[in-house]
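Scrolling down, you'll hit the structures one after another.
Each of the next two complexes has chain A plus one more chain, namely chain B in the first and chain C in the second.
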Partner chain A sequence: MSDLSVTAPTKFQSITQVLKKRAFPTPTQSALSILVFGVLAWLAWSLFDWAILRAIWSAENVGQCGKGTGAGACWAVIDARHRLILFGLYPFDQHWRSTLAAVAIIATVVISCIPLMWSAKRIVTLWIVGFATYYLLMEGSLLGLQQVTTDGWGGLSLTLFLFSSVVLLGMPMGLGLALMRRSEMPFVRGFAVVLIDFVRSLPLLVTLFTAAVVIPIILPSWLEGDKIWRVIVAFALFFACYQAEVFRGGFQAIPKGQFEAGQALGLTYWQTLGRIVLPQVFRHALPSTINMVVITFKETALVIIIGFFDVMASAKAAFGTGEWAPYYLEVYVFVALIYWLFIFSLGQYGEYLKGRMAISER
Partner chain B sequence: MFKEMSLKSVAAAALALLPVTAVAESPTVQQIKERGTLLCSGHNGSYFGFVEVNDKNEWKGLDIDLCRALTTAILGDPNANQIVPLSWAQRFPALQSGDVDLIIKATGWTMGRDTELGLQFSLPYFFGGTQFMAHGDLGITEAKDLDGGTICVEAGTTIERIAANYLSTLGVEHTMVSYESAAELRAAYVANRCDAFAGWGPNLAVLRATEIDNPDAHVILNDQLSSEPISAAMRQGDEEFVDVVNWMLAAMLIAEEEGVTMANVEDMAANPPNPKVARLLGSEPGMGERLGLRDTWAREMIAAVGNFGEVYDRNLGANSPYKLDRGLNNLWSHGGVLYAPILD
Partner chain C sequence: MSKADELRQRAKRRKIAIQAGLIALSALVILGAFTTARTNLEAQGLTSGFGFLERSTGWDYSFSLVPKTIMDPYSQTLFVGFLNTLFVGFIAIFLTTLFGFIIGTARDASNIAIKTAATVYVQIFRNIPLILQLVFLYAVLINLPGPRQAMSMADTIFLSNRGLMLPGLSVTPGVAVALLLASIALGVVLISRKIPLIHGVLGWVGGSILMCIVAAIAMRPEGATLVTIPELKGLRFRGGITIPIELVGMIVAITLYGSAYIAEVVRGGLAQVPKGLTEAGQALGLSKGAIWSRIKMPMALRSIIPPLGNQWIFMMKATTIGVAIGFSDLFYIVSISITQSGQTLELIAILAGAFLLVNGGLAVFTNWLNARMKLKAH
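== the complex of A and B ==
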């Protein structure tokens, strides 16, 4: 650039200033910028036109959908089939229960994210209440409602339940494994090392398939338990083994001197751990933990292979019938929005936590 | 399988050896009656025409209707079943572990499954095989008219080999273009990059009915290149249950042959036109006792789901979005290959 004059950076710049500096400094760059903005605007307009302006919204107007008609997105498929996507095979007239149960699970997760709840007693009470509410509503027989066994559970409620049980079970298991792995007792350490490496060497698909399909062939029926619990335990174990390694990274970032200082002050092992080490471990492990949680949310869709009607499977069933088959794109967009909503919220919560911890770091 | 080998089945086997006229009841049927529900296979999603879910979150489809028919035959109530969603990979282990009582899930009868997997297959209830679909404006109806044409197939499938073999036997000059995935293949066909497209018959019909803008612009050629028998699969070692499933299918075919439908079944039962119908519908005894069921099981079954033709038309044929021709899946008397054993 020929212009070498340097202006002192001002803290506040108007949008026009920013644009002028970033997008239109020279004629060539201006031309490029206009081209890029033009393409982006055209894409945004086409999307808007397809998704909103020319869209067909109501299931009654499905006749207007289709490629020959000039109509855009056929949201009629969502209008007609959203209950299948959201509730799977849950009995049609009992959908209010599934809705309430999903709300209970979301509320449980949201409330446990509030720092005020972070004491062992409160959080354990909350989880027991939350999950009991979910189970009582979904299963129903204990509340005197129509009984719905676990193979009737499905859709978004099932996805949320699988996800939150896996994370809530897997997190303490992961911490336990990480501590065992650091143990000075060779047997305990060896056990953790072998278990973690064994489970991590298996694909999740194999783990789930084994839990769902192979175990009932091997075990006697009284030990079998319901398929959904076997799958949750196996999934949680898988999560825990990865999470243990995340925690291990956190532990390694802490100088050994801190343990020694704790001992020198006369604190017990658990006091040192709980008051000095773990808060720092959590802080170091936070970004990778959020990552694990997000991945786990998406991986719950794998349960389709063992016949669970999670939100992804029920979406496939939603366009898997003659009259709705051409509108798979709309269904996928709808499901993508659901996933995005949850994962984006998780990511934002991670950012909030990071900010909060940065304050305590100062 | 392992768990099924209970004392009951041993006792049933012992009974079967005795020279008595009474029918030994199948342990599977006994279990179904005790449970009060029949456990059938569903799908983890949907398989067009065979297993689908309607707007009320209920299962429907050809395979589901057969399950409902069997439920009615055994328990007298078409809804006393539970459809367990299963993936393709999961279906045989699920059968062996007792998660389902039988598999009715577009499953082909193969030697490996029959022997190594320890399964027992019913009479075939559907034949599907490799067929061609061509652009309608070519004005052709048979594969021999494809001379000089380009045929699209999915790479590495048996379909590719079967189609090439068939066309060279006919002496039809052709160019075979293979595509890696089914989606690519469809896109290529729709974009007119090939004249015809080889695939599994029912899938072609579904594609024609649902994913192509104008179904009438495409024609499925008359040639049937291969044919796979689709049967219900059961655990080996319970012959009486196989009998029940076979006669469930047979009764639906006999009903179609004799013109017994969902609508007229009660009239037919009241005034049977011939002794065969009288026996079929339980107006004369004999139908139930020999299978360990009620004499009226077939009448109730047809009242609930209809005869085989009605079930076919509702799910795959004229009354469905797919409009799949009966073709091979018609009765022998109408040019198909479906036939029932003799009802004596």
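== the complex of A and C ==
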């Protein structure tokens, strides 16, 4: 403390300065840092060594897989079976359709992230167009292509289909429930409260299972519909009940004066809502909404249990035959990587938005 | 009547009409569901009602905390499933909370190496679906070597494709359950007394260990050693505690995933503690540990507990994925019961009722905890 010479703190520190302060301030801290960095580096190197350096890439070289102790990852299994993992049981010569359809959904999600698209009209149009493109391509009959019914869909394309239809259906349902929950009418409010709390305290798997198994019993057969649509509607209900709470948080951030100002101007309930309140609610609810969308994408993996051939089920099938059975690790790593890339990037985007909004609110 | 009154009247009438419509619609849907269900069930020759609970099941399942046979009635089997769900759920809640707090604190560390390690952990395990992690882990576990080539740590802990063998206290299962309950009770008592956080945690851990030692000395069967260690006898292990592979998979997968989530909750809570408080602690010359346990954590807990409660409920619900690897949780038992007995509606009602009960209980506990942790009024 003898050094009292004051230098102006600079905003940007050099890497060595940061390291000195944050990693090596005292001998014990330095030892700890070296140990932790050492372990991390060793893990990263082992992974790199297994997955890249010693890996076998081509299906032709599958004979070398698992030979000796020096063998790394056998990506040959992916080379040979990636079509099954990505497209499931979709007709082999029609895979280009499945690819384009999946690209349409991914493009829809990516374009939604651009602030230019954040108006109700644009975003709704975008999602409907994206979803319709997907459906037309996959189903095919309306475009004069070979018809493939939903039970022929599978793999990553099916996962993306479930995801996009749940979000597309669930978002308006969630908004509806949120509006009902803040209604002045006690029965309307009570209905929403009971439904939201009920669905939220049940595991998603129970909701989906109910849709798949119970609905055929309690609905007349003309209302039953395909199993896939029943499950999508149930999943959308689950999404809606959580999203309703997200919207509720958004509504709470709007001062009451905004409503009153609308009324004072002689606007109707729907005009006040649509032109004054909702645009602000959406803005406030955006980070949590992205979080919900990410969770939904993750949870679509559950449909394997109720018998859908999603990307996880097709992964299981990919190493299900005797020849590929030893390489389950590679297949799971591949599928995990697909999920991870999608979820991680959406999550990071959500964090970025949250940070940006926190700044704009200051 | 003035024009305004008339408009007000009209609005009132409309509101009543909307609500009446909603009630009528709900009633119609419920009634329709009932009548359709009855005709559909009659067509299949099924009788509704809970009479089937007394019939014996005739099928076996993987895991039970109490002795089981295939002659057990449905009621007993469902109860076993419920116990399994609670068992895995509470173990997962305990472990995820413990690791979540450690990793969340590490995410907030000033040491950049520790922070990086914690961030890598969270970003990996939070961003892969839980069920994929579970199935992945299970595939790895069942491909482990058999008991004779089991991996061992210091010849006391063994891991093979049959399960994890740990040394255990020589107590009967009944005493073990009593110990567990006593430990939970001790924890609740310690929370309800307003004692400093660190003392509470130390008191709870110390008290629980003490109870275990006392119980092992007093209650062990005649001539048994205090602790039994698993030993390979022939093709299988004897002694110690064997945790079946499905249970290992469930606990490890849920813990890895859940602690990443709780770590984020804890990090968020710590980030909300004003920097001035930490600096005040530093100015007083408190050590880093003391600043964490006496200033940061008690402050952060107030914003941590509500989302933490949601995570606990999530963990309880997550036990349903046991069905993917054949672990006999309540959902698994219910789905097998449905295929075996056909009593779909009754069984789904039991399943939903059980989850409403448990999650409602957890919510009440969280609220109580939250009220406990509130700042005292000045």
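Note that the second predicted complex is superposed on the first by the 313 of 362 C-alpha atoms of A that agree within 3 Å, B and C clash if a C-alpha of one lies under 4 Å from a C-alpha of the other, contacts with A are read in each partner's own complex, and residues count from 1 in each chain.
Here is the rule we use: a contact is a pair of C-beta atoms (placed from the backbone, for glycine too) under 8 Å apart; a residue touches a chain by one contact, two chains touch by 3 or more.
What you are looking at is a predicted structure, and each value in this text was computed from that prediction instead of being measured.
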| item | value |
| --- | --- |
| Side-by-side fit of chain B and chain C on chain A, or clash | clash |
| Touching partner for A:213 - first (chain B), second (chain C), both, neither | both |
| Which superposed partner A:305 touches (first chain B, second chain C, both, neither) | both |
| Chain touching more of chain A, residue-wise (chain B, chain C) | C |
| Contacts of A:313 with chain B and chain C, given as first, second, both or neither | first |
| Which superposed partner A:322 touches (first chain B, second chain C, both, neither) | first |
| First, second, both or neither for A:151, with chain B first and chain C second | first |
| Touched partner set for A:188, first chain B, second chain C, both or neither | second |
| First, second, both or neither for A:83, with chain B first and chain C second | first |
| Location of chain B clashes with chain C - one stretch out of 21-29, 165-173 or 183-191 | 183-191 |
| Chain C-contacting residues of chain A that also contact chain B | 209, 213-214, 216-217, 304-305, 316 |
| Residues of chain C that touch chain A when the two form their complex | 15, 18-19, 22-23, 26, 32-34, 36-37, 40-41, 110-114, 116-117, 120, 123-124, 126-133, 135-136, 139-140, 143, 313, 317-318, 320-321, 323-324, 331, 335, 338, 344-345, 348, 351-352, 355-356, 359-360 |
| Touching residues (chain side chain B, partner chain A) in the complex | 2-3, 42, 44-49, 52-59, 82, 84-87, 89-90, 93-94, 96-99, 206, 209-211, 213-214, 320-322 |
| Chain A residues within the chain C interface of the complex | 18-19, 22-23, 29, 32-37, 39-40, 184-188, 191, 198, 201-206, 209-210, 213-214, 216-220, 298-302, 304-305, 312, 316, 328-329, 332, 335-336, 339-340, 343-344, 347 |
| Complex contacts: residues of chain A adjacent to chain B | 66-68, 80-81, 83-84, 87-92, 151, 209, 212-214, 216-217, 221, 227, 304-309, 313-314, 316-323, 325-326 |
